[in-house]
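In the two complexes that follow, subunit A is the common piece, with subunit B as its partner first and subunit C second.
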Partner chain A sequence: MKPRSPPVLLLAGGLAGVLFLVLWPLAWRSDFILYIATLVLQFSIGACSLQLIIRTGHISLSHAAFAGIGGYASVLLVKSAGWPWHFALIGAILAPAAFAALIGPVLLRLSGKYFVLVTFLFGELMRFVATDWQGLTGGSNGIFEIPKPYPAMRDPLNYYWLSLGFSVVCVGLCVRIMRSEIGRAMDAMRESEKLTECAGVPAFRIKVLIFVIACGLAGVQGSLNAHMNNVITPGNFGPLESLNLVVMNVIGGMTNMGGALLGTVFLVALPELLRGYVEWQRVIYGVILIVVMAFLPGGLVELWGRLRGLVTGEAVRGTAVVTDET
Partner chain B sequence: MNFTDLLTPVLFGQILLDGLSVSSIYILIALGFTLLFGIMRVVNFAHGEFAMLGGFALYCLWGQFKLPFIVAVPLAGLVVAAGSLVLEQTVFRFFYQKMFQSMIGLLGLSTVMMYSAMILWGEQERQIPPAFTDTLEFGASLFGENLLLPVDRLVMFGISLTTLAAFYLLIMHTRIGLAMRAAAEDVEVAEAMGIRTRVVYRQAFAVAIFMTAIAGALYGQIYFLSFQMGDQPLLKAFIVVILGGMGSIPGAALGGLILGMGEVFLSTLFGPSVSNFVSFGGVIAILICRPWGLLGKPE
Partner chain C sequence: MMARTGGSPLLVIEGLSKTFGTLRAVQNLNLSVADGEILGIIGPNGAGKTTTVNLMAGAFKPTSGRVLFDGHDVTGFPPHRLAAQGLVRTFQSTTVYGTQTVRENCRRGAFLHLFPGFFPALVPTARARALRAEVETEIDRLLDWLGLAEFAESEARNLPYGVQKTLGMAIALAARPRLVMLDEPVAGMSAEETDHVRDTIKRIRGAGISAIVIDHNMRFISGLCDRVLVLHHGEELAIGTPGEVMAQPAVIEAYLGKGHAKAGRP
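== the complex of A and B ==
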């Protein structure tokens, strides 16, 4: 196991980073960049919470569906039930978490590839439900004219700060979990589940717990995103969106929260900056995916390791979690 | 509503006929998928896009060059299979025997193919003109009422049945098929016996894509043709293959029959969304209780 950087350094680095993120829009304001930054912050919640699931050894292709459940819950509570947003947000966390607690114990018994398949189908099923249950979800047009959480949030800068706050809390929680005893147990489970259980770790209970927490956090992303865009549609639900979250982790090397954040910046900002060429951007995205999976299954982190290995002459083993044994 | 009143013998016969023709297309798509998985351990998330290419090939050959339909369909399959060998060399080769990498990498290939098709052929939906417009009527003595059978569907059924029979002969009665079965059983032992697995992989890939493209061509003619049409065939292949068991050829046949028949029955009697929910729910249930499928073997 690799040595962990001392908590003081990590904390100081994190604080400096957050401080910079809070202050830069005051120095230089551009609404377009601000919009992209807000999106990145929202997606960082999804990407980091998905990494929790990935690090128990399961790759979920329905994470966006859980974010969507949270989004619809929040929107419906605000629009139909008239709740203030901060209460609706609690619903947006509890709804996907409850759902995850319901299906998690069943799904998580499946081994790696079957879990991928079943979550892929599950994501499609969720999209069907959102499209067909017209009375509740507005069908394929979705729900629009969603109010902002608070009147002050009409200013994009305020919305940016709101998203930043939630992102820091959620990503911080993910990092904290990974550095705790549970996180160490998760890393051990991925290496050898049976051995870990023999050491007295309740592997399956931890898996379910992590799945529930991660899906609850995804709901935060769903709520923040829906209220920013003023609209929510079944399109935000599908397996392709979930794949996007997986790819953010793939680019970052799968077992590294910093890598996941890097992947989020890359995958959210790139499409927004290439807006005028949607088709080409999708083609480039696919090519990157093929190349990374074929030659660099450990992501950009592995590329960095290999480059360093070239310089120092050390051989570096790939860090891919996605192996064929799982 | 009383379903015994609704389900007259005529309707039953009609559903049976429709179900058979839909099933045969599903089986073709799923066989390609299961072949790639069984032999190369590749989960082809780009499968639907090969079906789309088949649709566009048929659109060119039959709709624009006006070749006879019976020639155009297999030719479309051949053209797509031959062209796809380029992708075999540049992409698929790197994912053989790497199941997980293949899932994500080939999802990437799927977006590449889908959006390249959009750049090439545009966004609009097209219609492949029907090959035959006559309808056969028969069975009045048996049911009291006539069964309607569009010749179009009959020809499609014939084409897919012929392809399936050819595939069966290839797999069971030729040396190529024997080599494929051996490689599917155990790659290392097959190599030790002198089978060149690289060649076997390429042949299996071409056969799988050939069947998929033919199925896609027929699918595109029944429904519509667009750069996004690959979604549905991929989902069908998925469901069929999981039902029958990943990598199992008889499983794909059984799964295709169950899905095709079930879909036609349910959507005629209860509407398409019910049939969608039942097929998804059924497959998720199967994955949970018996992940290796009806005819697959547990690992």
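== the complex of A and C ==
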């Protein structure tokens, strides 16, 4: 067990961090940095909600597909049905959650690698549907001219604050879940499901519930992202996008929300910052990923732990995420 | 019909059978465990002892037969529902949360007493804090009882085998069961450790918890159990007090023939 930081410290640190995130653009405004920061905040919702699923012992390669379902739901409700955005957002949460409730009970019976494979296929299937159902989704060109949630959101700073607000709420919920008895049960069942069930934990029910909640949260990212970009395409559904969310967690060490946030910053900001060196971008990106995964199986969080270990003389080990059931 | 020792039966099994393919692991087993009783189950390797526990604890569904706990039919209930009713088991192969401290292992065992429901769990309330404090006290007492206090903050995987085995028992007891089923709790332990576990189980009974104990160690079983069930090829060979059972020729034969019986099994 990693030592849990006391709630008061966590709360104080969180508040200070949020305060900084709210205020920095007032002191120094750069629209490029603001854009990257907004993206990071949106992806933080996807990465952290995916971690909820990972912490039940399942690596999902369809999380971006659920974000995409949320995105399309939101855009269609605003553009075709004429709903105000805040109501459309509810649809953007409920649509992927309903989908998850439908397929979750089947998918979550699959263990380890089979779950990965089938969620990969589900992601592909969703992309297929989005490309082929032209009447609804506009086909491979997607849907254009998506209005901003509110007129004031045309100002990137306001959109940044909007994304920050939702990121704080959604990531806060993920952290809260993991620090509750549910989180304890999730970490326990990942280590030994049969032992956990003997303690009275309805493991399967928790898995399904967490899957539904996480996919609903992914829809928030989908909606925020689509209305910022003015366009949504089937590319938003692809397994590659989902893999990106998984890698954010891998970089962060898989079982730590702070790590997932670090991974998100790393993976969203890096490609944007390397835009000036297009020819080198992929190489640098690849090298960094390989180095992190090869030498820091516990992610950036492990690096922090090791540095701290050097000072305190304590050893740290990573924890396995997918353990094959007996 | 039902053998009663002391109070009313807490657990009753009727005509319980389990077949794996063509192998009849448990055949037509009838049994009752009284409230406050310690029942031993012995038998050669492959006799069906663990399978019997698996059937009672919800790990397997029986091929036929019923399990009644506290008067309710619980046949085929999943383990988490049985645990909620007070029926908890340990595993023959040492099963603990290796990456966690002994104390955290116990907390994970105490889920039922810490969990206020899914959505209430997300709001830190005074009640949740009180529950947590109560469970911590309970765990302290448990660790004391089992002689694990000195290891409370150690990671489970770094502990010696016997201590891990005892921790498996602590996890089960943290759920505050009414009946605990212990699958070979002293296998591989020293005589001294074995005696300590025996005394602990007696003390657990003193706290009102019944127990079913599987083991091969006859000294341990006779020194502990009110009654002993002898299983052989999945069937009841004998049942009675340790003295009665050990005196039966069939039991002696089954044990003398143990090596041959094992090799000759399908």
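Convention: the second predicted complex is superposed on the first by the 287 of 326 C-alpha atoms of A that agree within 3 Å, B and C clash if a C-alpha of one lies under 4 Å from a C-alpha of the other, contacts with A are read in each partner's own complex, and residues count from 1 in each chain.
Just so we're on the same page, contacts are C-beta pairs under 8 Å (C-beta built on N, C-alpha and C of every residue); 3 or more make two chains touch, one makes a residue touch a chain.
In this text the structure is predicted, and so the values were computed from the model without any measurement.
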A:145 in the overlay: touching subunit B, subunit C, both, or neither? Say first, second, both or neither.
neither
Greater subunit A contact set [subunit C / subunit B]
B
In the overlay, answer first, second, both or neither for which of subunit B and subunit C A:246 touches.
first
Where does A:184 make contact in the superposed view: on subunit B (first), on subunit C (second), on both, or on neither?
second
Quick one: is A:200 in contact with subunit B, with subunit C, with both, or with neither? Answer first, second, both or neither.
second
Going by the contact rule set out at the top, does A:118 touch subunit B (first), subunit C (second), both, or neither?
first
Would you sort A:209 into first (subunit B), second (subunit C), both or neither based on which partner it touches?
second
With the touch criterion stated at the top, can you tell me which subunit A residues are shared between the subunit B interface and the subunit C interface?
none
Would you mind writing out the residues of subunit A in touch with subunit C in their complex?
1, 7, 173, 176-177, 180-182, 184-185, 188, 191-192, 194-203, 206, 209, 317, 319
Subunit A contact footprint on subunit B (complex, rising order):
41, 43, 91, 94-95, 97-116, 118-119, 235, 238-239, 242, 273, 276-277, 280-281, 283-284, 287-288, 291
Please give the residue numbers of subunit A that touch subunit B in the complex, ascending.
59, 106-107, 109-114, 116-118, 120-122, 124-125, 128, 132, 240, 243, 246-247, 250, 279-280, 282-283, 285-290, 292-295, 297, 320, 322-324, 326
In the complex with subunit A, residue positions of subunit C that touch it
57, 59, 78-81, 83-84, 88-89, 91, 95-101, 104, 107-112, 114-116, 118, 121-122, 124, 155, 171-172, 174-175
